[in-house]
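I'd like to ask you about the structure that follows.
Per-chain residue numbering starts at 1, and chain names A, B, C, D and E are given in the order in which the chains are listed.
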C-alpha cells in the first residue's frame, strides 16, 4: 500500500525534475524510491494489511504483496536496464513519469477489491503504455504500435465495462467479495445476463494477457514498440494482468467456474497452437518473443484452469511469473543491446558467442529457461503447470502443451544456434554492454538459475 | 394516450432518436457530420439520464462529452481538414462482414438478455440518489481511493499527450 | 555421502576447467577423470554383495513442499553403470589427446558436466531427480556437438535436441502422472518405491498409457527402430569424443531407464505392449544390421551397428527374465567399451588418412600390424566372439529372448550372422588387401591412441574370459530386482 | 418521474447502442470515427450502469460512470495526440495505412 | 595326470602368447620350435592321461577350472570332461597337430609371416582342445567359434590377396550360420533341461518329449553342417584351400572339420532318441558324400581335389552317425585324420617341389623326382580307397555295413561315393606322378625332395594310415574292436550289428571288388591311354562343364543370397531409412512450418480485421457458453 503511494509520489517527483533541474539525480532517486517501496511492501508481508481505510477498494493481502513484489523487483531491474535509453531521449522525465504511473496501475491490479479499482488500474496501466509504445515519434512502426494498442485496448475496455455493468446489474455491487457472496447465496437464481457479463470480463482479461483469439495486438505492438517498452509490457504488465485475472476469477467468480473454465480451456488451446506455431516462423526476435509470451500466457492460464478450487495455483503462478519475468528481462536486455544497429532479426545474434561470450551465455540460459529445460527456473514453472494439470479432466490440453513446448524448443534453439554456430559469416566486432546493464542481465540470469536449482526458495513461500 | 404513459412515450422517442443518431454516426460519410450526430446521440442519452433520475449525471454528461470531448474531436478534424472526399471507405465486403459480425453479436447478447424477470424501474416520489449531495457522499466516502487515484490517471494522460504532442527540440 | 562425492566431483572438475582456462586442460581433465574413477573403484570396494537395500544412499529434501528429494544411492545396476561411466570418461579424454579443439577447457568442462549428469541418472532414487539429471545430460552434449561438431552440425544437433526433448517431455508427463497417484499417508512422493507402488496400483489402460509415455523417451534415447533417425547423423557429425559419450554412455541411459524406471512400474502395461516393443527392437536389429552392411562411411556403419546392438539389448530386457535383463546389463558394459574402441579407430583412420570411406582405404594392415591386431580384437568383441566380453551378454540376451518366444530369438539371433558380415567386410576393406589409394599412408600410432586401444582390448578380453566380478553383481542385482517385481 | 418501464428495454437499448459502436469500429477506416464509435460504446455502458443503479437504488453505479467519463476523456486526449502525431508523419489517419506490422 | 588335464590346452596357449608378443623379436627357428614343443608337451600329457584313463575304472572325469557365467539357474562353469571320446580326440589333435607343426617349420620357412603363422596355429590347437575337452555345450561352443576364428585368420593368412580374404570371410560367415543353429540348440537344451553340461543333460534326456529332442538334435546338426561342410553349407571348404597347405591338412582335413562329428557323437543320445534327426543326418551325409565326390572327379587343382574328397569323406562319416554307427564314424575320423593329413602334406610337398604350382595338368612324372613323397602319397591313396588291409578299408567298411543294415539305398549311394573316391584319388595320383613332366623348365630344374622336417611327418603318417586299422578290427573276424569298446560308455544307446557273418563277408567282398574294379578303370584310362585333363573348359562336354564348375553352386548362392541381401540393404538405407522413416521426422518439421505459415496469415496487420476477428471470437465464445448451459 505504502509502496503504491511511494511510487505515485515518485511519478510526480519525476515530473518536477525537469523544472527543478535534477534530471541527473532522477534515476538514483527513482531507484531508491523503488527500493523503499519494496521494503515497505516486504514489511507489510509480515505485519498484515496496512491502511485499512481503503479496504473496500484496495487491500494488499499476501497474494497481492507477492505479485507486487515481483513487479517492483522487475521494475527495479528495468530502470537500471533502461538508463541509457533515457539518456538518448529528450523526454526523459516524461518517460520516467509515465513508466512510474504505469507501475501504479500495475500495483493496483495486484490487489484491487472492487471493480472500480480494477478498471482504473487497468486504464492507469494502459494509457501510459499507449503513449510509451508510440514514443518513437519519427518511427512510423512505433506510431502504429501505439495506435493499435490504443484502439484495441479501449475496444477491449469497452467490453470489460459492459461486463462489469451486467455483473453490477445482476449483483447490485462492484465489490469483489460481495459479488462472491452474492453468487454463493443465490447460485440458482442468477439472471442469464450475469453470465454474459462474466464472459465479457473474461474476454477482456484474456485480451489484456494477450491470449488467443484476442492476442492480435500483442505481436504487432511488441515488435513496433521500443525494445525496452516491450520488455516492460512482457514482464510488469503481464504479471499485473495475471494477478488481476487470478483475483478476479479465483476469488470473484470462483462460484460460477463451470461457466468460464470451458472457455478458458479453448482459449488456452488456441493460444498454445497459434503462439508456438507462428513463433516458429518468425525471423524478428522481438516478434518471436511476443508469440512466446502468448504461449507462456497460455501456460499460466492453464494453472488457473487447473486449480479452480485448490489454492496451489497461487504459488504456481507467482513462481511462473517470476521465472518468466526474469527470463524475459534478461532476454530483452540482450536483444536491446544486440539490436542497437536496428537489426532485430535473428541474424543479429550470429556469432554472439564470439562477440560477447558472457551475453551469449546469459541469452542461452534465458532461452533454455523460456523453453523450460532443467536446471533453469523455467523448467520448474512448466513442471508446476504439468503437475497442476495432470489431475484435471483437461489431460488433452496437457498433451497439447507438451507437443507445443517441443515446438517451442525449436524456436528458442534457433537463437542459440545463431549465437554459437553461425559465426562464420558475421564480422566479429565486439558488442559493448554497459556495466550496469551487464550487471542486471547477469543478476537476472543468476536468479533464473538459482531458483531453478532451489525452487524451494520461492515455491514454498506462497503456501496460503 | 394509446395506453402508454408519458414517460413511456418519452422513452420510446429518446431511444429511437438515440439509435437513429448512433447509426448516422456510423454511416454518415462526412466526419464532421458524424461528430454532430454523436453529439445528438449524447443529448438523447442525457435525456435518458433525466428519465432515470440521474440529474447531476445528465448535466455532467452534457458538459463533459458534448462540451469537451466532442469539441476536441471537432477540433482535430478541422485541424486535419477531413471531409467527405478525403474519407477512406472500406470495401463493401468488409462492411458486410462487419455488419454480420455486429448482427451476430447483437443476436447472442439480446438472446442472453432475454428471460430476465420483468423488473420494473420504480420511481420514488423523491429519489435522491441522483443528486449531487448524495453522490458526493458516496464518492468521497466509499470511492475516495479511486477518486484520488483517478488524478494519477489524468496526470498520466496529461503528460502523455503533451509528450506526444510537443515538437522535439533538437 | 560417497555417492554425493561421486556426483559432485565432476562438477568441481568442470568448474575448475571452465575457470582455469589453462593450456593444460587436457592433462588436468585426465587427472580429474582418473580420480573420479578411483572414487568409483572405492565404491566398488565398499559395495556389499546381495544388498537388501541400495547402499551409500544420500537423501536430503530438495523441494520439501513437492516431495522432491535429492535422493541418490548405489545398487548393483547403478554400480555397474557408474563403473562404466567413470571408466570410459578417462579413456574418452585420453582419446582426445590427438585432436586439438579450440577452447579446450570448455570442451572438457562440458564433458565433466555430462559425466555428472550421467552418474546422477544412474544413481537417482527420486523420480524427479532422475528426470532433472536426464534432461541435464542433454545440454552439455548438445553444446559439445554444436560447438565442435563437423559439417552442417547446426541442423543435425538441432534435430537431435528437439527429438530427444520431445521424448523426455512425454516422460515427464508420465512420471508426474505416477507422482499424482502416489499416496504416502496422504502426501505425494517422488521416491522411486512409491512410484513403483503407485504404478502397479493403476489399471491396465492407465499402465499402458504410462508405459508409452515413458517408453517413448527411452526408445528415442537408445534408439529403437522407427525413432532412430536422429542418431546416425548425430554420431557422424559429432566430434569423436561426443560420439563416444553418446554411444558409449548416454545410450545406456535409455536402456538403464527401461530396467529401473519402466519394468517395475507398469507390469500390466508391459504385458500388454511388451510384445510390440520387443517386435520393434527385433525389427531394428535386422534392419539396422542390413543398413550397416551397405555403409561406406565407417563412422556411420558403427552408428547403425550400435542401433542393432541396442535393439538386441532392449529386446532382451523387455523379455523381463533373469537372463534377458542380466544379459542386457552385461551387454551394456561390453557395448560401451567396444563402441568407444571402434569410434576411436574410426577417428584414428580419419586422422591418419583423411578419410573414413571404406572404399578408399585398404591395405593398412601391411602398414601397421599392431593397429590391425588391436582393431581386429575390437571387431571380434563387437561380433561377440566367445572369450570376448561381447559374448557373455549376447548369449544371455538371446537366451532370455528365447524364453520369451523362440522364433523371436531366432530372428534376433540373425545379428550373429549379419554382425559378422558387416564387421568383417568393413575390416577387410579397410585393413586387408593391397592399398587402393597410393597417397594413403599410415604411420605408427600416437602413444595416447595406442594406450586407449590397449586398455580397450585388454578389457574386452579379460572380461570375456573372466566376467565373474561384474557378472556376479549383475546376477544378484537382477535376482533382487525380479523378486521385488513379483 | 419514471415508472412502468422494464429494465429489459434499457438493457436492449444500451446493447444496441454498444453494438452500433462496435460495428462502427469494425466498418470504418477513419481513425477518428473509430474513436467516436468507441466513445459511443462507452456511453452505452454508462446508460446501462445508470439504469441499473436506478434499479438497485444504489448510487455506486452512477459514481462508476464518473470514472468511466474520466477514463474516456483521458483516452481521447492521448488518442487524439497519437493520431495527430501519426497525421504529422503520414499525412493520413487511414487505418489501412497503418498495417506495416504484420505476420 | 588327468587332474592336470588343463595343461593340455594351456601349453598351446602359452605358445600362442609367446609367439604373439615376442614372435617378431625372436628368430624363426626359435618361434617355430616353441610352437612345436608346446604341442608336443600337450601331446605327451594327453598320452599319459590317456594311459591313466585306460587303466582307471572311472571313465568320466570332470575337472573344474573356474566358474564362468552364472545367471539364475543357468550355471556355466569353465570345466573339462575327460573321457574316452575326448581323450581319443586329444591324441589325434595333439599328435597330428605336432607332426604338422614340424612339417610347417620346413614348409613356411621363407614366409615373412612365419611367427604369425605359428601364433595362429597354436591358438587353433588351443581352441580345438577346448572344443573337445569342454564339459558343457557352451565351452564346446567357445572352442567351436574359436577354431572358426583361427581358420578365418589362417585362410586369409596371405592377407594382401583379396581372393583369399574373401575365402576367409566366406568360411567365417558360413560357419556363423551354422553357429546360430548351434547356439539356439544350446539354449533350447537349457530351457528344456535347465542345464547344458553333458554330464547332467544326457541323464535327463529321457524326460523331454521326442519333438523337443528332435528340435535340439536338428539345431545342433545345423551347427555341424556349418563346421563339417555338409550340404548346403559346404562351399566354404574348397575355397578354404587358399590357406597354406599345412593349415588345410590340420584344420580342413584332420581336426576342425571333424568337430561336427565329435559334437554329434557327444550328443549321440539325442540322435539315437530321434528317428527324424538321425534320418536327416544320414541323408544329408550320403548326399554330401556323393555330391562332393562327383565334383572331385574333374578338378585340376590338387588341393581342391583333396578338399572335395574331404567333404565327401565327412559325408560318409555323417552317414555313419545317421545310421547309429557312432563308434565306426569316430573310427573313420581317426583313420581319415591319418591319411587325409598325409595326403595334404604330400600335396604340400609336391607344391613345394613345384615352386607353388597347384595345377595337376602342369605336373606329371614326379614319382622319380620326389620318392618319399610319392610313396607316402601312394600309401595314403590306397588307404583312402579302402583297399585292405589299409586303415581306410576297415573304418569305411564298418560304416557301410551298418548302413546296409539300416537301408539298402543309402548303402548303395555310399558305395557309389566311395567308388568315385577311388577313381578321382587314383586319377590324381597317376596324373601327378606318372607320365612325363608338363611344367616349365624352371620348375623342372627346381624340382627337389622336401627337407626332412617335412618328409618325417609324411613317413609317420603313412605308417599310421597303413596300420591304423588295428584300432577297429572287424568283430566278426573274431578280433577285438578296440574303438568300439573304448567308446562304450560314451555311446549311451547301443545298436549292435545284427548282420550275419555271411552278409558281412559279402559286403566286404563287394567293397573290395568294386574298389579294385574302379582302380583298374582308372589305371587303364590314365596309365594305358595316358588320358589327360583338357586344357580349356570349352573342350568339355555339357555334363562335364556342369561338374567342372561345381554345379554352379557358388553362383547360385551368390544370386539367391548375397545379391538380394545387398539389394535389400541398399533399399532399406536409401529408400526406407532416408526417405520414409527420416522423411516422417522431417515431415513433422515441415508440418510445423506449414501450420505456422497458415496461422500467421491471420496476423495481417489491419486493425479492422483484428477487431472483426475479436468480435467473432466473442460471438463464438458466448454461443459456446449457451451450448454449455
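Everything below uses one rule, namely that a contact is a pair of C-beta atoms (placed from the backbone, for glycine too) under 8 Å apart; a residue touches a chain by one contact, two chains touch by 3 or more.
Note that the structure is predicted; figures quoted are calculated from it, not measured.
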Next on the checklist: By mean C-alpha position, what chain is farthest away from chain B?
Outcome noted: E
Checklist entry - In terms of C-beta pairs in contact, which of D-E and A-D ranks higher? => result A-D
Item to check | Chain whose Cα mean lies nearest the overall Cα mean | outcome: C
Checklist entry - What whole-Å value do you get for the distance between chain A and chain E if each is reduced to the mean of its CA atoms? => result 78
Checklist entry - Counting in whole Å, what is the centre-to-centre distance of chain A and chain B, each centre being its mean C-alpha position? => result 32
Checklist outcome for this item: Per the C-alpha centroid definition, the whole-Å distance linking chain C and chain D comes out as 66
Next on the checklist: Could you work out how far the Cα centre of chain B sits from that of chain C, in whole Å?
Outcome noted: 72
Checklist outcome for this item: So chain C residues touching two or more other chains come to none
Checklist entry - Which residue numbers or ranges of chain B touch two or more of the other chains? => result 90, 94, 97-98, 101-102, 105, 109, 112-113, 116, 142-143, 146, 150, 153, 156-157, 160-162, 164
Checklist entry - When you check chain E against every other chain, which residues touch at least two of them? => result 589, 600, 603, 605, 607-608, 611-612, 615-616, 618, 622
Item to check | Interchain pairs in contact, sorted by label | outcome: A-B, A-C, A-D, A-E, B-D, B-E, C-E, D-E
Item to check | chain D-touching residues of chain A, taken from the complex the two chains share | outcome: 115-116, 119-120, 123, 127, 130-131, 134, 137-138, 140-141, 143-148, 150-151, 154-155, 157-158, 161-162, 164-166, 168-169, 172-174, 193, 219-220, 223-224, 281
Checklist outcome for this item: In the complex, chain A touches chain E at residues 147-148, 151-152, 155-156, 159, 195-196, 199-200, 203, 207, 213-214, 216-217, 219-220, 258-259, 262-263, 266, 273-274, 277-281, 407, 410
Next on the checklist: Could you list, by residue number, the parts of chain E that touch chain A in their complex?
Outcome noted: 589, 592-593, 595-597, 599-600, 602-603, 605, 607, 610-611, 613-614, 616-618, 621-622, 624-625, 628-629
Checklist entry - Can you name the residues of chain C that touch chain E in the complex? => result 159, 163, 226, 228-230, 287, 290-291, 293-295, 321-323, 326-327, 363, 365-366, 380, 385-387, 391-392, 395-396, 398-399, 402-403, 406, 409-410, 413-414, 416-417, 420-421, 424-425, 428, 431-434, 466-468, 471-472, 475, 478-479
Next on the checklist: Quick check on the complex: what are the chain D residues that touch chain E?
Outcome noted: 22, 25-27, 29, 34, 95-96, 98-103
